[in-house]
Structures are given as structure tokens and as C-alpha cells.
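Below: the structure, in C-alpha cells.
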């Protein structure tokens, strides 16, 4: 199986403080990997290293054969091929939903405005929000905004998707509408790396689960193994806390 | 450039600076005092008072300081003369001072107003609840807290005022800039004296701003 | 007001007797004795110069100030320190000193041929105009810079992350994502600066550019109707300021994003 | 800033006999002086050698001494040996409003007495006679006003020369570009820095400014005098009592011959700040004025 994302011995420091310690893992094409762990464990930092939103000082990350840390790499081009969904949606509030969907296609991929709009509307339809095309982000609920954000990432025809706690800023009643979209995406064979606390989603959809704590990857195994018989004490504690909810 | 003439001119320049500082300090004191009254007026429930205060602020914020200075220097003594029937010499210093107080009060008033509004409503409520009068509430509870909060802003505005005092050049009051210009003209080195004036203003404003920033950080903790 | 003399004749006669002031609100319609102009023409010309100085300086200030403001938010420390130094310099020297430097000193620093062009080929009005515009533009740019920086820094970091993640270049991020939002946030403080540039343009009167204040003083001096002249100038500045405030309020409404910052 | 100093007690009691005896009868400026104990004299900053500032920022000059002679006279007439003299800097543009609004009581500088201004203020008997000419670099090729067509010229705002120049420009369609600088010092700076081909103002002022230039010999005063300018001291209108004191003081200077010493001091000897000599001999017009003092406006001379 060819690895879409390969993370080798990645370490990162903020000044003196080490946030990532020799992290190594990979995500195969079509694989869905869930990254979990207590807050401050470095999981968001790790996923942001994959598309170079965060720099790392040691190790290497290869995405679809391209080294992220290499100074010669065309980062905008690489990033445009990897979709990302954020905790706080990060739609552009001054642009309408349609423009939010089209702008990167036009400005980054060089598609025509018409083509980009058409594609955006198609994806908007897919996440069930076609009726809201003319609105502005501030006029939508959190769940709706996050679905638009997913559609926006998909509009770039990504080879992989990164999710950084996509549901943790949402009111509980809106979490499922977002998870449903993500599940559907996984079932269609999208390569996905998701930082999330939604263990139900992990159980249902993930191929593998990575557990991180204090900047280290503690567990990296199939979901059955992770939920069935976690090896580390910390993972057991984490699971017991999170599953009580 | 020949800067040799600057050293002997320093005592004269200091006289100019003394006038600038005198004008500055009096204008800040007067401006903050008047500004506070206007801010209280704007926040008053008395509609007429509130709109009069608002008009005052809008009026002085609409017209250039240079125009205000000329008004007070050239025209206001004329008006006084009509009122008293006698020539009423105000003199350049007093008329500039009054102009700055009136003008800056409009700006200080807005800072004080924001300061008062930033104090939680509960504070006034609590003070009224223990039987204080309006004057006591303002004097003892609201204003002391508000002034602590807005001291950096008031000081920042005072630094702007320090620079603005140079506009008295227009009426020939011998402040620091005008002294430097005039000395430069007489000595025949206008450029050197102008650069010197600029440097002095820069160093003093920059240092004062840095101090205000430090004060702000200390107050923020 | 031709009838004015009759309406308040007594009070006026008293005032005129007591202090030799000859009220004359008609003064603006009287000939100046220079060409065929009446005094009102001077005010119109002066107003024109005030607007011409303020608007052009504003456009330049906005452009330079935006670039500097962006520089202050860049990770590159050289750009940041340059912009900081600029702001420190232009904010801590009085406007009048800056004007004198631009008007009296800078032309002498130009190369010989440019000096001749600036001092002799250009009319003094044009060279004074250039000095004032450059001075006000650079002075105001420092203020605009601080506002733009504040506006950009007020935006959540996630916005630029999201744009980066979609492959935007840094220029594109500022152009399409950060600046459009930052400018909307800072319209009120920018309005203050915009109004200030009109008021500050009055310093031009001190280097002989015949803008509104200079024409007012000249009218006062030629006619001795100082009270009338200053009153008219005050009214013009007041009305101008209020109209611009209204206009900027409209601009703010027009640019307001639905669902955001008090929008509908 | 106003500086003040006390006149030495003048022990000429005899004068008080003929002077106004009590404050109650005083009017106008004299009343104000009596009440406030001070007289405010205006001065200029670069009207060399009439009224300008020396290296210590103190006013000096020909007209300034005349003003002080007036102040001395006032102190005698009002029997106020400790009369305080305040000083107030004025520009060409502010001097008339400041007289009118009571900020200053007397302005002896280089102010032309003309009909226009007489509507606003009163003048003492004349103290100087001159004419508007032009100051230019010897090498500029400018010989007379006609040569100024389409040129940059500077004058001082608020002077009679400014009006004359603006009117000439419009009437003769000379297409001059006129800069109105704030005061003589600034006008001269414009000329020296090459921004104006000529500085148009009264010739005597031009001669005075030449003494502070870096290289006095490179300048020339040229052109046909465009007007007769007779300077007078300005005071508030319709104040005959004060005007009489002012006129008497000046006439005394003329009668006693003190004026010749005063003239020589400022026009025929080295003067501050650079110690240059203007070498500006007394004109026959001024001699005539001194022989027969008058307060008639320039137009009627």
C-alpha cells in the first residue's frame, strides 16, 4: 500500500519547549486515521505540520512523494492539493458562501469564475446547503458553516483531507450533521487524517487510531486493537475519561 | 552643515522650551478639567445639557486647531471689547492657552467619556445604594477608577498636544519652534536650527511615548 | 444682508461707535480690487485647494500606510523594524516641523537639475502644493499604518491559516482575506484620520499655499472684516466635516457584511 | 513671550503739570495704560533695521526706539514712573487686528500709512519714507518689474507690496507666480534658496535683509520705485488723546535733532546681528518729513 502521508521522526520546539518528539506514522491512500489525545498533547500541531502551517525542526514529512520541509518545495501548490478543515470553520466572513467556495479555485487553481461557481454549488448541494448559497457565513449556524468549510476544501479536488477538531466548537445538536458528511466522505475512499474526540466516529469510520500524549505518539494501531486492548496506561485513562461522556 | 552656532543659542532656545512646557502643562490641566465637565455633560440625563456637550465636542473636532488659535488671538479680544467697552488685551500666551484648553477639552472629553463608560454600571448602582449623591458617586467612585484606566490615553493625547503647541508659530508666540526658527533666521542658519528643533521634539515625544507604554503595561497587570 | 442695518441698527450703531468695527456681511460679494474677483471667489479657490490637498494626500497616505501596516504584521523582522521606525519618526515630530523640512530643506538636498526644476520651473503654488501633499501623506501614513496593523492583528489567526491551507500565496492572503476584513474593522478610526487630514491641511497656509485658512486671513486683512471672514471659514470647515462624517457613515453601511459586526 | 522692564523713573515733574491730571478724565488707550500700569508695544521679527530681534531675542531697531520714546513720554504724561513696557511680536498680517482688538497699544515697525488702513487704525506722524522695489541676485538679469513676467516672485503676506504686486499681476497680465511668505525673514529665505527670482518689498527692508545674508554682495536692489511708502506708528482709531502723546513724542525727536543720531545709529553704522553697515543715507523725502511732520496717508504725498 502506497503511503499518501509519511511522517518520519518529526520533532518540533517552541523555543525551549518541545511540542513534538520524534513522531513517526503514515497514512495510506484511502485510509482514514483518527488522531486523539488529551489537550496539549500536540495532535493539532502534528496535523498542521503536514501542510506546513507549522514548521518543524527535525525529521521529514512526505506528502504524495513531496517533502514538506524542503525549502525548494512549492508550498502553496502542495497545500492546494491537501484539504483542511478547522475547529473554528474559518470561512471568510466578508465573502458570500458562493464566493467562499469559488475564491481559491479561481485564485489558486486558475479556474474560471463560472467553472468554480458551478463546482462550488455542486458541492454545496452535496452537503445539503444549496439554498444558502447567497448568504454570508455570519448568517449560518456553526454546523452549517462547518459543512460549507468541508465543501470549500473539497472544491480544490484534494488528494487528502486534514481535519483539526472539526466538531469541538459546535453545539452538541450540530455535531452529527458534520460527522455525517465526514462519514460519507470516508466511505467514498477519501484519504483522511482527523484530529477529533469523537470516538463514535473513530469506531465507525477509522481504519487506524493514533493516540498522542505530551508530544509523543503513544499508540498507533487498528481501531479494534485501540478500543479493545490499548497497550499504554495513558490511553486507557484517556479512553475511560472520554467514553464516560 | 555648520552646527557651530547652536551651542551659544541654547539659553535662548531653553526660554522657548520653557514657554512650550508652560503652555503644555497648563493646557493639559485646563483641558482635562474642562473635558471632564463636558464628558459628564454628555453622559447626563439632562437632554439639553447632553446635546450642548455633544455640539461642543463636534464643533471643536470639526475645525482646524490653527483656525481656533487665530480666533482666540485675533477675534475674541474684539468680542471682549464689545462686551466691556474697553480694549481688552489678552496677550498671545493667554489667548493661545485658552484656545488649546477649549480645543483639547473636546478630545479629552471623549477619552474621559469612554473611561467612565468602561466602569461597570454596578459600581454606580452600589454607590447609590449606600446613599451617595451623584457628585459623591462621580467624585469618589467612578472618576477615580476611570482616571486610572485612561491615564495612558490622556498622556498619549498630551504628547500630541505637546507637538501641537508648535502651531502657536502662526501667531508669533515665541515657543520652542518659533524661537528656533527666529534664531536660525537671524544667525543665518535656518536649516540647522530647524533640524535641531525636529530632533528635540522627536527625542522628547519618543521618550515620553515609551514611558507611557511602560506605564500602560504596568497598569494592565 | 442688505436689510441688516435697519433690523438691528441700534445695537450695531452702538457697537460700531464703541469700537470702530464696521459690520459688513456683504463683504463676500464685494470686489477684491485684484482682477475681477469678489471675496467669495477667494473662499471658493481656498476651499478648492483644501480639498485638493486633503484628497490627494489621503490617497497616498492610505496606500503607503497600508503597505507599512502590512509590513508590521509580516514575520520578516527587517520589514517590521523599518515600519516601526517609520511610525516612530513621523509620529513624534510635529506636523509643522515636518512641513518646514519638506518645504525649506528637502528641495536643497535634491540633485542640481531637480532643484532648478522644483524651485524655478514649477510655480511656487505647485511646489508648495507638492511639499504639503508629501508632508501630509507621509505624516498620515504613519497613523494609517497603526490602524491597519491593529485591524489585521484583530483578525483570528485561523483566517490566514485557512487561506494558506488552500494554497494562497502571502500576497493573495493579504489581498483577498486579511485586508478586506481589516479595513472594514477600521473604518471608524480611518474616518477620524480622513477628517483630520482636511483640518491638518490648514498648515499649508503657513507656507503660502492659498488654501481656505490662508484666503480667510487674506480676506480679513484686505477688508478688516475679520469677524465675518473667520465666521465663514468656521462654517465651511464645520459643514465639510459633518458632510464627510455622513458620507463615511454611508460607506461603512454599504460595506457592512451581513451577519457580521452589527450587520443585518 | 512678553518681556517687561521698567523705565527708569523720570524725574521730570514739570511735565506732570501740563499732562492729564487724573485717571478719571482719561479715555481710550491712556485710560487702559493707567489702569493696567502697562503699555504693550508691538515689534516685528525681521523688519531690519526698523524692528527685529537681536541674538538674545530682544526687539531692537529704529522704529523700536521710537516706540520706546513714546512709552517714555506716556510715563511722564501719566506720571507713571514705573510704567511697565510689554512687548508683543506681530507679523505683517496680524499687526492690524492686534491693534484693533487691544492686544497691542502701539506698533512702530515698517507699516505704511495708507487710506485703506486708515479706515481701520490711526497713524502717528510719519517716521520713514521709502518705496517698493525689488531685491534680486545680481546675476539674475532682472532689472525692472517688467522683467518679472512669468517668473516666481516672493513678497510678504500682509504688506502693501503684496497688494501692489497682486494687482499689478492681474492688471498687466504678467503671469507672475506670487508667493506670500509669512514674514520678511521667510521671504528672504525663499529668495536665497532660489525659489523666487525676486523679492518685492520696500527697498529699505531689502537693504536691511541684505545685512544678514551669507554674501551681501551678491544681491542688488533694483527697479523703479512703485509707490511712496511713508511709515507711521499704528494706534487704535479715534483715540485723539493717545495720538497726541504719540505724535508729540515723535515730533520732539525731530525738533531736538535726536532723530539724526537715531538714524545714523541704524542706517549708517554697523548693526546687529552681523555687524554690517547698511550705508543707507537719509533721503530727501525723509528730510522733508522730519522738517514738516505729517500723518497724511501715502497716497496724498
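Going in written order, the chains are labelled A, B, C and D, and every chain counts its residues from 1.
We adopt the following convention: a contact is a pair of C-beta atoms (placed from the backbone, for glycine too) under 8 Å apart; a residue touches a chain by one contact, two chains touch by 3 or more.
Since the structure is predicted, the reported quantities are computational estimates derived from the model, not experimental observations.
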Most distant chain from subunit D by Cα centroid: A
Innermost chain by mean C-alpha position: C
Centre-of-Cα separation between subunit C and subunit A, whole angstrom: 49
Distance from subunit D to subunit C - Cα centre to Cα centre, in angstrom: 37
Chain centre separation (subunit A, subunit B; CA means) in Å: 55
Multi-chain contact sites of subunit D, meaning residues that touch two or more partners: 97, 100, 189, 236
Shared-contact residues (touching 2 or more other chains) in subunit A: none
Where subunit C touches two or more other chains, by residue: 19, 21, 104, 108, 206, 217, 220, 226
Graph class of chain-chain contacts, one of line, ring, star, complete, other: other
In contact (per the touch rule at the top): chain pairs: A-C, B-C, B-D, C-D
Interfacial residue positions of subunit D with respect to subunit C in the complex: 93, 96-97, 100, 119-120, 152, 154, 157-158, 163, 166-167, 170, 177-182, 189-190, 193-197, 236-238
Of subunit D, residues touching subunit B in the complex: 1-2, 28-29, 31-32, 36, 40, 45-46, 52-57, 86, 88-91, 94, 97-98, 100-105, 185-186, 189, 212-214, 236, 273-274
Complex contacts: residues of subunit A adjacent to subunit C: 48, 51, 53, 76-84, 86-88, 90-94, 103-104, 107-109, 135-140, 149, 152-153, 156, 162
Subunit A-facing residues of subunit C, complex: 156, 158-159, 161-169, 172, 176-177, 180-181, 184, 257-260, 263
Residue ranges of subunit C touching subunit B (in the complex, touch as defined): 15, 18-19, 21, 88-89, 91-98, 100-101, 104-105, 108, 195, 199-203, 205-206, 213, 216-217, 220, 226-227, 230, 233-234, 237-238, 240-242
